[in-house]
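Shared between the two complexes below is subunit A, which has subunit B as its partner in the first and subunit C in the second.
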Partner chain A sequence: MTKDKIKQDLINLFPFVVVGILWEVIVQLGLSGIKTLPAPSDIFRSAWSLIWGSNVLFHHLLSSLYRITVGYLLAVTLGIAVGVLLSLNKTLHMIFSPVISLLISVPTLAWVPVLLVIMGLGDRTVIMTIFLGGFFAIAYNTMSGIEMVNQNQIHAAEIVGVKGLRLVFSVLIPGSLVSIIAGLRLGIGYSWRALVGGEMLAAMIQWGVGKMIYQARFFNDTAVMFVGLILIGISSTIIDQLLLRRLERWTIEKWGVVAEN
Partner chain B sequence: MNSEPIVEIKGVSKTFTDSHNNVHALTNVDLEFWPSTFNVIIGPSGCGKSTLLYLVAGFETPTTGQVILNGEEVKEPGPDRGFVFQDYALFPWRTVLGNITFGLTNNGWKRKEAIERAREYIRLMNLEGFENAFPHTLSGGMKQRVGIARALAYDPLVLLMDEPFGALDAQTRKYMQQELVRIWQETKKTVLFITHSVIEAVYLADRIVVMTARPGQVKGIVDVDLPRPRNYTGDDYLEVREKVLSLLEEEVAKGIKDSLASDNTLFTD
Partner chain C sequence: MKQFQKWLLPVLFIVLLLGAWEVLARTHIINGALFPQPSKIAAEIQSVHTRELPERSLLLKHIEATTYRLVIASSIGILAGIVAGLVMGISPAIYRFFNPLMTALMPIPGIALAPLFIVWIGFGNPTIISLGGLAAFFPIAYNVTAGVRSVDPQLVRAATISGSTRLGIAFQVYLPWAMGYLLTGVKLGLARCWRTIIAVEFIAATNYGLGYMIWDAASYLRSGIVFGGIAILIVFYFVLEKGVLNLLEAQTIRRWGMVK
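Our next item is the complex of A and B:
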């Protein structure tokens, strides 16, 4: 079992190794034609010194993780709450659901200038951007998920006298978890984009992976930029696998309400 | 049938309204059901027989008339009724045990006692060994046994069953009918059972209510005085079957003609 797992991990790593080697060879032989394109070895060296030399990488990473944790958790809590509310109340639904579905299609970055004016150039703006990025997708998916819960499952709860909040927690939320989890995944994707964009544009911010990439521009240090890019890729993958994928496995896959992939 | 009826349906009509038109599902239905009897309601597709059951359950409210349960008007769903759905409607996020305890723990039962009670019904329904299984791992027949256990565990006054075996294959269906008779004889619940199988109706019922095509009305009532366990053959059995069939046949024909005329689909109910 564990042997298979290691084997699978190696297989998963293989494409990255191949691309890395090809990339290294192309840059070293000067085939790319771009002088400022760093080779993987440059990126690695750069990462090494950011970690052990100047010690700043963790500070950048922790700042970003702090922001995304606060912003995303807010988005999850309020998104699910608003989604439930809109699915239960016809009037609220009529008024707000078109607004939400419209706002989903607004790229989160478009909010940043507005927020910079309203909320200042610091952390608050970035966290708010992250929140908005996640919120609409989660609220919308929760709402539409609850609307699709099997009516007879709701009846089965009603017949034993379950209604109100108890109905929400014992039937409506578990019954719409497939859609809610899809919203959570969509939401975290949007939140990451919002984080990086927000950090780049909020002038008072000094730390953060987005900031690190942006600042490297002033030194033409493309290796540092790539360190940032790779770090973001790895972090979001880890969060997805560790939290959302696991949540999926423990709930909707175990319950057989979604096909295992 | 000497005591008071436990369920009374008094002058009930039900009209569904959507943006396009009104659908008269039921008009002027008067019915009485007595305690501990097994009642089967049968009728052509779309005759509103499921609607009738949903009204008794309190999932829908009648447009006119009233439904009386144990002397009180039905206003909303409540645990004095158990409901078995055609699509099972089990909670996939709860185990077999969790599905059966749901009605208990939500009605003030302590967890431990609820589990004990649920285990009794697991035994009654021959579900031992599957306590911790999730519904998606069960066959259709087993799912419906969980559905019946869930509806019976909190000891409701009446058991409402909406074509509970409609989705099962013929063999399983026959087996479930036998099981249901056994359980009914043990628990002596009042059962209201919807079907459109005449064979099933005559096998199960003390009393068969035949409904007309839409808008649903009571076409006739056939009392079934056959000893149990019944089999599906024999002169007296066939005689009852003929009676029900002849009541039904006109209605089915009418139902088809109407549905062709109004361009409705046949199989919506």
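Our next item is the complex of A and C:
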């Protein structure tokens, strides 16, 4: 890490420190006008007791991480597979791509009531919602990415006898990686929203960051809600920055694919 | 004609699918209580429509409530987003301060904030509209900022020399230049606003709204209304996207003489 990078990080951190101090002062002086607005110190104390006192924070976080891992991996696998299939077969494409673009417009969380009726109030519903949230974005982006692969490259590969699965894995997918990764990033965003909302809405679930926020409402415990929100913000940033951004950079180096803009 | 051909096959497929669904549910091959046949879905939606007739249509009341929230929330979000975007785009100091905060707040889903807002400002419209507005605000502010920051400084200098006020420059130089960005932002913002409003209606609405209708039906396991409600959401968004957004785009392109 270079000196400039550290300096930049400090500059980025500065606003948070200022807002935090201002916030603390306003609440301590009783100027906020909202009785239930916790001060940063309250939030910190609340986080501390959730971590060390009752030990529930990790349980909530792990349940959420488990759900998003299963749901999102399913979405990635099936999304890419369906995207490839639809881009290869003209008839399938003509039939299903309008259907997908209609279903993509359904707010992800609107699937929850449908799934509640079909699958019940438990874990499966939440995981399925996460899956649906990611699936459409990934399938759609894979499909449109492969359609934009240079036809000459495909012909060249076919001439030298590359076809079938090898064509998919060595020409089509590498050629459309930029679009696929854009879909993966879009998909994880939808999946997160589905996770948090799904955990709130599925009544039989007891653990999960979304549930923690939702349950805090019954005690008007806004400090716990803030802990949950911060946790959501941090986890989604980590997943996006550390995993997907890195994947993006790695593919650009390895395949020499350059993202537009 | 080409448009027609493009839609022929998918529409045919959907009709076939619905037909097969109807037959399978009627012959009890698939569970009609979980997957009610299309005719039953239509009948149940019809029953929502007629339940309180002739005084009023409950279905229209739900649609009205959601539309009202969407209009108010997105207007607030768009206005606030434009102002914030202009300020952040024009002043580098303000940009440096608020950009990290915005980047941190943007990915937090609206529904995660719902319990907090319910505690603060109560169930119903206050919470739903605020969160809808917030959802629209971020992408618009973000895009307008990017647009304003891309303005050619020469233009600003030219405007200053010819005696424009700062406010004049903001609305006559920066904003027109950022129009394309603003449109992208409004598109993203409206979509987010719409999603958030439906989701928050699930937990914060007290009597009306499409989200409320669907959620209420789900808790009584009235699957017909749930499926019908989803279909209405699809149509609603289709109209919003094709109607409002495309109209907006056509208008602004003509007004500002932009070429796509």
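Things to note:
Everything that follows uses one rule, which is that the second predicted complex is superposed on the first by the 248 of 261 C-alpha atoms of A that agree within 3 Å, B and C clash if a C-alpha of one lies under 4 Å from a C-alpha of the other, contacts with A are read in each partner's own complex, and residues count from 1 in each chain.
What we mean here is this: contacts are C-beta pairs under 8 Å (C-beta built on N, C-alpha and C of every residue); 3 or more make two chains touch, one makes a residue touch a chain.
Worth saying up front: this structure is predicted, and the values here are computed from it rather than measured.
By the touch criterion defined above, A:Q153 reaches subunit B but does not reach subunit C. In the superposition on chain A, contact of A:P113 is made with subunit C only, not with subunit B. Within the superposed three-chain model, A:I238 lies out of touch with both subunit B and subunit C [touch as defined at top].
Judged by the touch definition given at the top, the superposed model places A:M204 against neither subunit B nor subunit C. In the superposed pair of complexes, A:L165 makes contact with neither subunit B nor subunit C. Residue contacts after overlaying the shared chain place A:I213 against subunit C, while subunit B stays out of touching range. In the superposition on chain A, the chain among subunit B and subunit C reaching more residues of subunit A is C.
In the superposition on chain A, A:W192 makes contact with subunit C only, while subunit B stays out of contact range. Across the superposed pair, subunit B and subunit C touch subunit A at no common residue. Put simply, subunit A touches subunit B in their complex at residues 150, 152-153, 155-162, 166, 170-171, 174-175, 177, 251, 254-257. Contact residues of subunit C toward subunit A in the complex are 6-7, 9-10, 13-14, 34-35, 96-98, 100-101, 104-105, 107-109, 111-116, 118-120, 194-195, 198-199, 202-203, 211, 214-215, 217-218, 221, 223, 226-227, 229-230, 233-234, 237-238, 241. Listed in rising order, the residues of subunit A touching subunit C in the complex are 11-16, 18-19, 34, 36-37, 91, 94-99, 102-103, 105-110, 112-114, 116-118, 189, 192-193, 196-197, 200-201, 210, 213-214, 216-217, 220, 222, 225-226, 228-229, 232-233, 236-237, 240. The part of subunit B that touches subunit A in the complex is made up of residues 57-59, 76-79, 81-83, 85, 87, 89-93, 102-103, 106-107, 134-137, 150-151, 154.
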